């Protein structure tokens, strides 16, 4: 039965791209509440710190009243339990994605059998997008306006200028 | 916003397996109503005719009050529109699946942009299951009780006996 | 050294799609002469006969003066030798494609070491296109104007009408 | 503990290729006895009948005294049990292979847990070989001496001549 | 002919999982002697040092009298030659695995043609297991008893406690 | 129309292998001019510095009068525009390659629509080759003469000796 359905959308979002926003918009129509969660992974070195990433997501989700953003340090299933989410959303783009996502979804099912991983496919115009490629293009002065929001584009240029890259 | 969420789960189901039922059970918890639809594809030659396949699905979905079954001849997105479903559910098992599913999901998005394809991953114990392999095992007298319901097992044995295989 | 470079682009083209035309247009800029060749494969049952497929290709390649179309029954490398082409062009869309293409390219290299298979990737908006899916959509009355030329759309509707599908 | 190890190598072998022979030779060194088994699959239409395929395998395995060939109609695990084989050998070439092989190996493990599927990778020079491509090349008069034994080459030419292809 | 068959099973084993043990058990039935070898790779930073990994493997292989463990710094084929092993065992789980394994197996065949790489597929219930995911789950206090032995579970909790993670 | 066709072949080449040279030789026959470009990527730590890699490429391309080598720090499409190249050449070996290459090719098409990425497949005997595996084999004293030129072999041995590996 369907009561109040809460879904979480975990990721690194360094930074959020139009591909992510496509997934968020679709999710916001499928579920009552969507929480974007930023994984704080101390072993990775992100370009943007957690608060900067949060600000960019916050800016991007304004059009979607049932979407919020939080940061989290721990297992995704533990966060899901805490906020009573029954759904983990993942974007699915490509083969390499697929293998890793498959493993994580099965592991998460082992850890919490009542939580379901749901995969959404972004629009094909976002097939080639990922945060790493976008940072690389921005770093060399390439035009990224088709890949991120204006707000993120500005932040990326500022950040890469600061770093003297 | 989330009102009444209807999802459809299209397939051939020749016959329905425990892997399909796993997807149906999960879907029944995510959406208010789930309609299993049997694609009537005249170019394929199924082992069971549409009514037999429908009977087996009907038997399998009894535990799930918000799940029903229908047959349909046409484009999946047209069926979705007719029943006001905004979600197409697909199970996702393997690489070969993935490519085809990817193409169909993108095509369906072109045909009806407001309908979202949602992929669920069956339990890893169903990774190796598909209807073709099960029919092959049954045909040679192998034990299929771990792969289908008792009801389907009986129907398969009857059918394969009739065919003199 | 580069003198007069001739490339062939073999396929079934049942019917030609905008994805094929994207590959043809790109190829026409890379090579001096491009010959689209229709493989006559008696074991497959195409929807359109060779002459119908040829007519649709002929119509599609009008904008490209260095592109022509021919039909051929035999090994692609033998056709290549006959017309002194040193290049076989193949579109590359997806994983399943890839494996088969890999095998064919290596086999063709064994059969004729001086002929090179060149892979081009169609625009991502054609990722989901293939002739089979388009025929399926057209068959059920779906809108295919984003996938094929006006000319092919008309031919498809006529053909599927005739067949009473 | 290792007593007398028997392995079976099932397949269609229509016809046997140098890639198959590579797998057989390797297997003959790993196990005490290797039985090549030809699956009699009435739904497929092979080019060569079972006895012709058997003759070609018989000719190819002469150099390997611990290798024999049999035909079989049924589940591979049932044949394995009958001859007390604990190993099923499969060649593994490519991604598409892999998925199917993965499913069959897991299914066979379900059907007979004490039988192990063992995958061997043929030499990379056989990467592009499969019986279908070879038949296609032979059919159009291409040179297949790098792909099959002299004996099979002769049989293929005879057979394709008979068929008037 | 089959005399005394020695196989080696190389890996990082940081730490050994139930998936690895599944492969070891199967291998111990196929070959007369199986040597698990821990690759000492100075460029990787394992969680456990070589002696700790060795202790955990040693504990896990106790039930299998024909299995031993050694550490090695060098090319796997050189170790194989030294101990007169003719077989390299590898577990095969997924696509990403597959590509890398394919390259290594072909390279090893180039380096030592008389040594055969044999691939075994772990039980599907171990499909999602890898050492990295397990360490990640353990690090956040998740329950890992379905993925590793009691002994390894205890060592992992100790180690992660020491590191103050 | 085909005038003077310039192609670039970007890569890390740390060091250049016989697989790369196979691609270069084929490319030199397809286009009027081929420029091998070494990407200077400060975030990666190559074994050889840019000038050493350049020297090894320079040595390898001597037989091909229409091939040259340059280093470049920036977006590949920007280099292509500067030298008026309309073609980016990439070798395509395997699935993992494929996904990444797919993303880069689509991204580059977005950044510069008039530049075409062309994929060539190396000879199957180079399927297993990549610079990382070769460095690993050389590091442990394995024989690499089938994988690189004499010149590169000498440089690799010198370099790895210096490093005290």
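Here the chain labels run A, B, C, D, E and F in written order, and each chain numbers its own residues starting at 1.
Keep in mind that, in the parts below, a residue touches a chain if its C-beta (ideal position, glycine included) is under 8 Å from a C-beta of that chain, and two chains touch if they have at least 3 such contacts.
From a predicted model like this one, the values you see are computed outputs, not experimental measurements.
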Between A-F and A-B, more C-beta pairs in contact link A-B
Check B-D, A-B or B-C against D-E and flag the pair whose interface repeats it, over half of the contact pairs matching by residue number.
A-B
Roughly how far is chain D from chain F, going centre to centre by Cα mean, in whole Å?
38
How many angstrom lie between the CA centroids of chain A and chain E, rounded to a whole number?
34
Averaged-CA centre spacing for the pair chain F and chain B, given as whole angstrom
47
Which residue numbers or ranges of chain B touch two or more of the other chains?
95-96, 98, 102, 105-106, 124, 127-128
For this structure, enumerate the chain pairs that meet the touch criterion.
A-B, A-C, A-E, A-F, B-C, B-D, B-E, C-D, C-F, D-E, D-F, E-F
Considering only the defined contacts, which chain F positions touch chain E in the complex?
94-96, 127-130, 133, 137, 140-143, 146
In the complex, chain E residues that touch chain F
74-75, 77-78, 95-96, 98-100, 102-107, 110-111
Which residues of chain A touch chain C in their complex?
95, 124-125, 127-128
Okay, in this complex, where on chain B does chain A touch?
1-2, 5, 26, 29-32, 66, 86-87, 92, 95, 98, 102, 105-106, 109, 116-121, 123-124
